[in-house]
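Quick heads-up: structures coming right below.
Next come two complexes built around chain A: one with chain B, the other with chain C.
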Partner chain A sequence: MADTDATTEEAEAPAVDERREVILASFTDALGDAIVGSHIAVGRQLWVRVTREAWFDAAETAKNRLGFHFFDWLSAIDWMPSPWGRYEDAAGIDEGIPQFDPDATFETGVAGGDTRFQIMCRLTNIRRHTEPHLNVLLKADLPTDDLRVASLVPLYAGANWHERECWEMFGITFDGHPSLRHLYLPGEFEGHPLRKDFPLLARLVKPWPGIVDVEPMPGGADEPAEGDGVAAEEDA
Partner chain B sequence: MTAVTERQQLAYVDAQAADARVNVELQTEEGMVLNLGPQHPATHGTLRVTAKLDGEQVVWADVVPGYMHRGYEKLTEVRTYPQITTLINRIDWLGSFANEVPFILAAEQLMDIEAPPRARHIRTILFEMARVANIVLFLGDLGVQLGAVTPAFFAFRDREHVLDQIESVTGGRFHPNFDRIGGLKDDLPKGWVADTKAVMVRIRNFCDEIEALLFGNEIFEARTRGVGVIPAEVGMSYGLTGANIRASGVDWDLRRDANPGLAHNEVDFRVWTHPDGDSFARCWVRLQETREATKIIDQLCDGLPGGPIMAKVPRIIKVPAGEAYVATENPLGVMGYYVVSKGDLGPFRTKIRSASFSNVSICPWLLRGVYVPDIITILASLYFILGDIDR
Partner chain C sequence: MGLVESGKLPKPLTSLLNTARKYSLWAYQWGLACCAIEMGAAFASPRYDVMRLGVIPLPASPRQADVVVISGTVTDKMVPAIKRLYEQMADPKYVISMGSCTNCGGPYWDSYSVTKGVDQVVPVDVYIPGCPPRPEALLEGIVLLQQRIGREDMADRWRGDPLVVQ
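After this line comes the complex of A and B, so read on.
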């Protein structure tokens, strides 16, 4: 899926985002086969998915070749659906701790993905203010049994806190990070809260009342919004 | 200093200063470790700064956030889109409405709907009013950090008028929870536009007062000029945004440069920068920004279009699968939401990029070598809200 992404984009997209195509071409030129997927949302965003080994090189290309000196943020996604259910509600607690299949494949998002954990980082060029700022969202898959990736701290000093947060929240180790310590959580905290299999205990001990009464929106499908500038008050 | 010895020292300080009641830990040979916070007036909440001193000078400093971590990224995964605005209101609690806007814009982008022009205008007005309310308090608080109490009273006095205006539209002084996918909850009340313009005149007068009181003051200049200088390259590598990076001479403002879906492209305003990059520059840029914000609000109030304030949206919001990132120029800097949807009632994952998190992460670098009293002014001039660091 990932390999076809870029080609189908060109064939089907009504408009072509030339400036982002140029950036993608620079990445392809610098990294070659290390790019395993890409996607362009025309006029909005460029995603480039690289192999784990090329994570640092991709960031280096962005910084030194394309001038993306601004470090926006770094984070990760756990693509596994929560074994506790979508709303992690108390309903499933009686069945004990749910088990999940370690070999299962997961539905992943833009630019594709092969593994459960995916790391992502957004870099921007903020120097040229005369035209909209260009940026790139780098992604890389991490194998579940070896959650390690090169640290970006030597390139971007600001990656320090983001990687510490990512380390404690997802359990991803950053090789070369100067001091991988807890950022938010207390030192003796066990588990990685942003992993999908980390239970949200507040939900498990008490059902969430907000799930049943989804807030109705004014001007819903059966009642179009009024044209006089006053919101249509609606009682569901 | 190598990374290993630094880590050992940090571990030592963590062990020694974990008990916040012990504020000063004396070390015999290597100097003194000063523990600021977690509850210190200069930290606007519960942020802890540990600084190792050599005499009056900071050898190294570390910032310990997390005393207010509420896990919003995890909580968004179990709530529906309309419920999430309630949560994210509490990130930057002084400019709450501005927190809702980028999230709603990201959801709208995924749903491919657009708010009608009137909603977009009112959104932008409230967005800028959040900025005014937020930065007015900064300008008042700035004086307190330097020992001048008067500006704080002026700030609370005039901010109250802004909050009154926000309250009369949204019903909430601090947490409006007013933005909806597709538009806004309600229209403006009668007579609101005229009242708002009067309040904006007050705010401009307040800016003049603060400028006369503080910015021309010798003590203020002596304490802030040349203190805490951030070069543009360093600021960018730490992801500094907002007035902090503009004070280092980087001309970057998402309101002008990105236009993610607000009405800023229809008004005339200036993005202020300052070449110095010191504490004074950061304060000065914020003062000018408050003035510009009042002008933006005036212009938007004049050119308010008619029409509906709500686009046609389904009654139960289901956002199609996809990923979107929308960032806006919030009072504290760039705030963005990376929303991953799988077509459910709520997002699969939300990454919240908050401004203060990146802005404060520069502190260990910035505080190295400064004098103890300057820690306070530097922290004040970086201007963070704890909820915006910890989320």
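After this line comes the complex of A and C, so read on.
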């Protein structure tokens, strides 16, 4: 049965994903204006972006009303492009120490985004006997000067360690978390390593040699033509 | 013991003692990453048969070990455990650093969490390069360690570093 459905979907490529449209409508019904962005990849994925205040309510709706009982994972995104650029490469060492631009706008994902940090979690409905299981990807923007959001631990106990990791890697505080302490990093670690502006000190001390051992693809545009090689030899 | 303290251990006796020690190496396995697979192949498989070199790879605790093989990626969070492990071992004790990660950080040389060489923490006797080294490389490292033990002057070792008073 499932196989037949998948084949039909592939062959006809329906533009409307009814199952996910229904779920999105339920979210809109429950949360109203708190939903600030959404996207459906037909047959694959549903993104729902909510306000920070509605983060917990969105998860509660997903769990108690829509049956997303399985907590898959939780993490965050730093949308800022790496301010280090090629500074850490040997090739870019002459460009000097990069300047950070706090007002820059960032390119964000399909569900949109307004701020640098975005928190996301993936919930799965494992009780529906449909294949593949339905997922929803919840997202919320966090203002850079106040990285706080409600903890999902009262709802999903499995969120505990994910939020601890997110806290130490991105510096996002989870209100209501039972014990927000280091999970992977040593206790005295300073900084948040998964932020884009976290400096890799080893690279600042010894510049990364860069991509030196990658050969061009045969027939690719980067491959020097035969004539160039001959010319270079003649020059030499 | 009186002979040792006076620093006049006869050469044949030193040689005998060292030969006995180097063919009875109790090796503690401290596997941290993929190198531990190669270490397991070398230590636990009949194909490489490490016991023919006089290595017994199954001490029950660090206190019964002569040598520890640290193989894999040492992180800053693991460092206190390694320090403690080394302190728990009884002297004379030796350390084999196996693999690029343990030697210098390896491919994680720029990571925020990886220690750039376990020799920053404990003294290392033999470095085994490779990513990961083959089991034969570990066997060669053990042979090198045995050569080192064979040439050692136990009297010097037991006296330790000279106490210098300013």
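The definition used in the following text is that the second predicted complex is superposed on the first by the 174 of 236 C-alpha atoms of A that agree within 3 Å, B and C clash if a C-alpha of one lies under 4 Å from a C-alpha of the other, contacts with A are read in each partner's own complex, and residues count from 1 in each chain.
Everything below uses one rule, namely that a contact is a pair of C-beta atoms (placed from the backbone, for glycine too) under 8 Å apart; a residue touches a chain by one contact, two chains touch by 3 or more.
Computed from a predicted structure; not experimentally measured.
Engineer: With the two structures laid over each other on chain A, which partner does A:Glu107 touch: chain B (first), chain C (second), both, or neither?
Structural biologist: Once the two structures are laid over each other on A, A:Glu107 reaches chain B alone.
Engineer: According to the contact criterion defined above, which of chain B and chain C contacts more residues of chain A?
Structural biologist: Chain A has more residues touched by B than by the other partner.
Engineer: State whether A:Tyr184 touches chain B only (first), chain C only (second), both chains, or neither.
Structural biologist: Both: A:Tyr184 reaches chain B and chain C.
Engineer: Classify the contacts of A:Ala150 with the two partner chains as first (chain B alone), second (chain C alone), both, or neither.
Structural biologist: A:Ala150: touches no partner chain.
Engineer: Scan A:Ser82 for contacts with chain B and chain C and give back first, second, both or neither.
Structural biologist: Once the two structures are laid over each other on A, A:Ser82 reaches chain B alone.
Engineer: Identify the partner contact of A:Asp72: answer first if only chain B is touched, second if only chain C is, both if each is, neither if none is.
Structural biologist: First partner only, chain B.
Engineer: Taking the superposition as given, does A:Leu24 touch the first partner, chain B, the second, chain C, both, or neither?
Structural biologist: Touch partners of A:Leu24: none, neither chain B nor chain C.
Engineer: Considering each complex separately, which residues of chain A are in contact with chain B in the first and with chain C in the second?
Structural biologist: In the superposed arrangement, which is not itself an observed complex, chain A uses residues 88, 184-186, 193, 198, 200, 203, 208 for both chain B and chain C.
Engineer: Over in the complex, which chain B residues touch chain A? Could you list them?
Structural biologist: Chain B reaches chain A through residues 3, 6-7, 10, 14, 65-66, 69, 71, 73-75, 77-80, 82-83, 109, 116, 118, 180-187, 233-234, 236-240, 245, 250-252, 256-259, 306-317, 321-325, 327, 334, 336, 338, 340, 342, 344-346, 349, 351, 353, 357-358, 361-362, 365, 390.
Engineer: Mind pulling up the chain A residues that touch chain C in the complex?
Structural biologist: Answer in residue numbers: 88, 184-186, 189, 191, 193, 198, 200, 202-203, 208.
Engineer: Hey, which residues of chain A end up touching chain B in the complex?
Structural biologist: Its residues touching chain B are 41, 44-45, 47, 69-73, 75, 77-78, 82, 86-88, 107, 109-110, 120, 122, 126-127, 129, 132-133, 137, 155-158, 160-161, 169, 178-179, 181-187, 193-194, 196, 198, 200, 203, 208, 210-211, 214-222, 224-232, 236.
Engineer: What part of chain C is in contact with chain A in the complex they form?
Structural biologist: It comes out as residues 76-77, 105, 109-113, 116.
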